[in-house]
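Look at the two complexes coming up: chain A is in both, with chain B in one and chain C in the other.
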Partner chain A sequence: MSDLLSTSAIWTMVVGILAGACCASVGCYLVLRRMSMLGDAISHSVLPGIAVAVLWSGEFGGWPSFVGALALGGLCTLLIELLHRQGGLSADSSMGVVFSGLFSLGVIIITREARRKHIDADCILFGLIEAVPLDTVPLAGMQIPRAVLTLGAVAILVTAVILLLWKEFKIVSFDAALASAMGLSASVVHYLLMTLVAIVAVACFEAVGSIVVVALFIVPPATAHLLTDRLGTMMALSIVVSAVAAVVGYILAAIFNTSVAGMIAVVCGMEFALAVILGPRHGILSKMYRQFSLSVRIAAEDYLGRLFREEEVLQGQRPAESVPTAPTAGVLIDRFARRYAKQAGWIAQQGESTVLTQPGRLRAEEVVQSHRLWQEFAGGNLSLPADHRHEAAHRLEHIISPALRDELAREIRSYDHGDDLPK
Partner chain B sequence: MKSPMVHVHDVTVAYHRKPVLWNVDLVLDDPRLIGVLGPNGAGKSTLLKAILGLVPIASGTVEIGGKPLAKQRRLIGYVPQRESVDWEFPVTVLDVVLMGTYGRLGWFRRPGSKERAIAIQSLERVGLVDLAHQQIGQLSGGQQQRTFLARALAQDAALYFMDEPMAGVDAATERVIFGLLRELRAQGKMVVVVHHDLRTVPSYFDDVILLHRRLIAHGPVASTFTRENLRKCYGGNLAALEMAAEIVAASAPTK
Partner chain C sequence: MDYNTAIVLAGVSILGLTAGSVGSFLVLRKRALAGDALAHASLPGLVGAFLLFERRELFILLAGALVSGLIGIAVVAILSRYTRIKEDASIGIVLSVFFGLGIVLSRFVQNRTTAGSKAGLDSFLLGKTAGIIAQDVLFIAVVAGFTLALLLLMFKEFKVVTFDQGFARAQGWPTVPLDFCLLALVAVNVMIGLPAVGVVLVAALLILPASAARFWTDRLGHMVLLSAMFGGGIGIVGTLLSANVSGLPAGPVIVLSGTVLLLFSMLASPRRGLLAKSWRDFWWARSIEQRCLLQEIYEETERAGGSPPTKADVVHRATESWALSRLVRAGWVELQEGRVRLTSSGLVRGQEVVLGSRLWQAYLEEYPDQAGPLADLSMESIDGILPVELVTHLQRLVREQGRWPALSMGEPT
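On to the complex of A and B.
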């Protein structure tokens, strides 16, 4: 634990954070354009490019592998388009065909030549973020890891392109047809984005390996999308999510003495799970809460309705059997419902019994009126048999708006007069 | 002589080499409301996309105001089908309407206060200004359609193409939308609308284009929206055209 603050630990985390920021920001567009798998495809397809460049130059990293990977990234995008557009293959199948083919080709080249050239295939597949602090270059009197410089440069490039083309990326991601109709060519933007994806994939490849690149492309943006509905916020949040994954992933890997890259991906997944549970609008908890408050409101209104109908019976306006048997939503919800009704000022305690207040009576009247209107409408205008009417009315009475109440009353009247009868 | 606003000459459109729209000739001019009608799969959206350059044209030419489309994009406003976009996309109503100004801005320039004013004004015209800062997924179908319409207004085009702006909206919204289309016509703009509901055609449109894989008829509602033409459009026999399309698709490319 003590060496978590050592220089090499900090450089490793910086590399993780930089890689995450590059992948997550570009990944937002992939996720929003429903192209997550294209990011996956490109980051795998660059492997043969890297492999050939490594064989040619004899060393891993540097400009040759960068150029080789970029060329393969472009080839991958073109091949997928070609199979999809000309070959009539579905988009997902063409991706599957192209990237698995190219990736395996890369694996074959590397494993065949690895023995002679002292290249470790694992390092390309899984990355070697732990080795980052060992490969340094001197800069301004400091020993800076080469990966930090590469990823730093890529991060600056990505930021610059996204800032410069913010509006273009946004409109093409949202409505490509409109963008093209306006002369902001969607395919130019598409290929620019794919080039960025390839550059980022290659740069991050060395440090974290292909599996984690894919995770960083997709999981932080998907997590951020669950938490916000603004594009800028989504991008910022996705960078934060990936940075947390880089730091926490490194610490957990140190504690459990395991792969840093793998741990980063795992932490990403855990953050996503948290967002699924805790997200403000789409989260499971908030959905459960909304469901619960709705049930409480409905139960409270049912309670009002019952009190109202009992009043009607007491005043002799209706026969006793017009009070339906009390439906109960469960003890807990019923208890909350009474509290809700009391807090809303709908009911008051009068000696032993609970009575409706004036506002409570008004609300109850609306609910009961909605119920009766729907029953009449369903029986008359819709000609539904008696057993089809009550349940729907019971559900709809809580949501029928004043405007709909008026419309129902109007249509029931005109139906009674026979104005709407089919000729 | 002045060139017509839209001149479609002998346009054939094919998907995967299979022609879906045959040899269409159209000359559209003057501020008019024009309905594009035809059964499902008739090629109505395809015609719009071909004129807008969104799908490749297999043969024929399209000219806007006597010039190729690429030089005239500023003149054209487009409202795609509502289902063509993802309404869960993290943008606000105002963001979407602002997109209408992007074409005028061109590459790299960001919308500023002038564009925001245009967007707000467009939202006022469709009655959505109160929802400007809502995320678009929270809107009803009719409100989403009006958002698209506001975006088209922000484009400030001379010529509008709208793909089923009436799909999935209630009767009240439909009347609001058509009120706006009439306003556009009064401002001297031409509006071409893909439409489904035949009952409302006479009250909404000046001209109709009847389409079913080929042009059936084009002209003023009174003389063109006739029982005879509708029968040809909706009941016509397409066996020969279908077979021809299959054969073209199966044959070697000619180019």
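On to the complex of A and C.
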């Protein structure tokens, strides 16, 4: 494990973190604008650009491949748009067609020339982050990996563009129509964003390869999206998520002696799975808890309503058949509901039977009143037939505020059914 | 042609055939990228099966691939249904994370066992047709036969689910199982495509022939047939190219020939093609310009109390002067001493055009709120577009306003 603290290990993690930060911040816009697969398409499509540049300049990386990749990234965006708008293909088909075509072209160029130049399709698909510390340049007395410098520069560029155009990117991402109405050209912002995506994809390419770039573009922002509703927080969180993925991914890969890039993607996926399950507001568990407590509350209110109606029958105010006999909730929920009502102090045990306490009676009266108000409303204003009113009211009685109740009562008293209501 | 090439050709053409027919449904259902997610998600299963069983029979590897591919597509469905993650991001997440897992696992394979075992798995990334043997072709053929039989048997059901989910549900069809059935067919075909085309590009084999076929027909049956033929065709072309030219990997060549086919279809298809469309647009613009010019001449003449306007009055652009010479050739106007004069047939024709335009105008003035959905101002006449009573009403209106075109020409001076 000691080699986890070696210089090369640390440089590798730094590269992972930088790549993750670039991808994740730009990726937030991709995810929000529902263009995630465009990141995928661009990162596949840059291949022929890189291949041609490598053939021309004789080396992998550096300015020529950067320019070549950027050109192809732009071409890919344009072609997708063109095939969709002019050619009449559906948006997803045109994406699939363009990137697989360009990628194939790249693979063909590479395999044809692989024997002459040192270039390898594997390396482009998976990247070789482990090799990053080997390719260094001297700077300020230190041997700094070239990838760190490139990615550092790209990170600064991305940060600068995002900070400068924060407002513009935001408004176009959330409401493109409003942006256009305000005189902001949505298509200029769109192409700027796509240029940014292409730059980041190219820069991270060497480090993590074309498909794991996609993981960094989409998974951290999606994870952050499950945790927050604010763009700034989302971006910060997604950078954190990707940094964790870079570090943990490297460590796990070192332990199991496997691909770092692949492991980074896997860790991203695990973080995402955690957010899906445990997320505070949008997570599955919290959603289940909310639904459960809502059904307990509703069942408790139903229970109070039943007790209240039984009291009314005992006092001779109503015929006995107006009281529903069975609880509407399941056994488990009903048991929780009774406990909930007892803890709230709404009911008390009196010998064999359960009775309403004074606060419980007040609450029950509210529920029953709501029920009858909705029932009248369903008959009077919604013209539901008599045998359908109870069902509708039974659902709606739990969703009512005091203000709405007063308004309903006024509305209904105005057409003389008022005497049916509990006083 | 030697035996090996014949075997490979048979395999790839059967593969293209079924992929094309299944792909039609995928493309029409707008699920092109789901196929991509499926393909990428199959990698960990493929490698995992190898790690688990330590055997390299195609059947075992592809069974593993099928399982993880189906898990992947199920995760996409669950994510986009039960969380706030949209479908595009779900596809991207599944695609990249599963693929990452596949890479991690394949490195295990590499580290472990004897040399050469990785080479077999590597060929699944970008495909390697050369490795296909007779046994594999038999396997592909069985799967293909099953797929085609199912498509044929359930054609009606798949059709209704593909085109109108709501209608299908209302009719009582089990839409979810049917939909799943379609996706499973796609999955199976992705799997048998893996050895030839590879994980990264196999989805294109589903999308390309179907998208190309869509340009040539509007009928599902024809589209499926055509797409199957296209799929088989690009398979054969790609394999032959790759077999005869050294250094051309089969998968990418097949995809590129599919791309060329698609681009050709997009350009050349008679109804939906770009060339035909721009040809039609050109003629349409020409006829509209001609009509507008005739109307302008008529109205200028009308305004001047029957005396013909000068050429400069009505011709403002170069294209309009071309339109004018077309009108002259049609015998509707004649040029006399720099003045543009309607002939008697031109007068009749002009009257029709102007009347049509004024009726449309009256309609827009009278019912501005309905103009959006009903008015097709490119049509010359309201007859046949608006209801008959409305037409009579508008005609009366135009007559009452004194705007009924009733120009009579004076004798030529």
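In the analysis below, the second predicted complex is superposed on the first by the 358 of 423 C-alpha atoms of A that agree within 3 Å, B and C clash if a C-alpha of one lies under 4 Å from a C-alpha of the other, contacts with A are read in each partner's own complex, and residues count from 1 in each chain.
FYI, a contact is a pair of C-beta atoms (placed from the backbone, for glycine too) under 8 Å apart; a residue touches a chain by one contact, two chains touch by 3 or more.
What you see is a predicted model, and the numbers here were worked out from it, not measured in a lab.
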Q: Specify the outcome, clash or fit, for chain B and chain C once both structures are aligned onto chain A.
A: clash
Q | Which superposed partner A:261 touches (first chain B, second chain C, both, neither) | A | second
Q | Which superposed partner A:165 touches (first chain B, second chain C, both, neither) | A | first
Q: Using the superposition on chain A described above, determine whether A:234 touches chain B (first), chain C (second), both, or neither.
A: first
Q: For A:93, decide between first (touching chain B), second (touching chain C), both and neither.
A: second
Q. Regarding the shared-chain residue A:330, is it in contact with chain B (first), chain C (second), both, or neither?
A. neither
(Q) Contacts for A:178 in the overlay, against chain B (first) and chain C (second): which applies, first, second, both or neither? (A) first
Q: Going by the touch definition up top, name the partner, chain B or chain C, that contacts more of chain A.
A: C
Q) Counting only touches as set out at the top, which of chain B and chain C does A:226 meet: first, second, both, neither? A) second
Q: Considering only touches as defined above, state whether A:276 meets chain B (first), chain C (second), both or neither.
A: second
(Q) Touch test for A:34: chain B only (first), chain C only (second), both, or neither? (A) both
Q: Using the superposition on A, tell me which residues of chain A are in contact with chain B and, in the other complex, with chain C.
A: 34, 88, 225
(Q) Please output the residues of chain C touching chain A within their complex, sorted ascending. (A) 27, 30-33, 35-36, 40, 79, 82-86, 88-89, 91-93, 95-108, 111, 122, 125-126, 200-201, 203-204, 207-208, 211, 215, 247-249, 251-253, 255-256, 259, 262, 266, 272, 274
(Q) Touching residues of chain A toward chain C in the complex: what are they? (A) 31, 34-37, 39-40, 44, 83, 86-90, 92-93, 95-97, 100-101, 103-105, 107-108, 111-112, 114-115, 121-122, 125-126, 211-212, 214-215, 217-219, 221-222, 225-226, 253, 256-259, 261-266, 268-269, 272, 276, 282, 284
Q) What does chain A use to touch chain B in their complex? A) 32, 34, 88, 164-168, 170-171, 173-175, 177-184, 225, 228-231, 233-234
Q: Note which residues of chain B are touching chain A in the complex, please.
A: 16, 49, 52-54, 70, 73-74, 76, 78, 80, 84-86, 89-92, 95-96, 99, 102-103, 105-108, 110-111, 135, 137, 151, 155
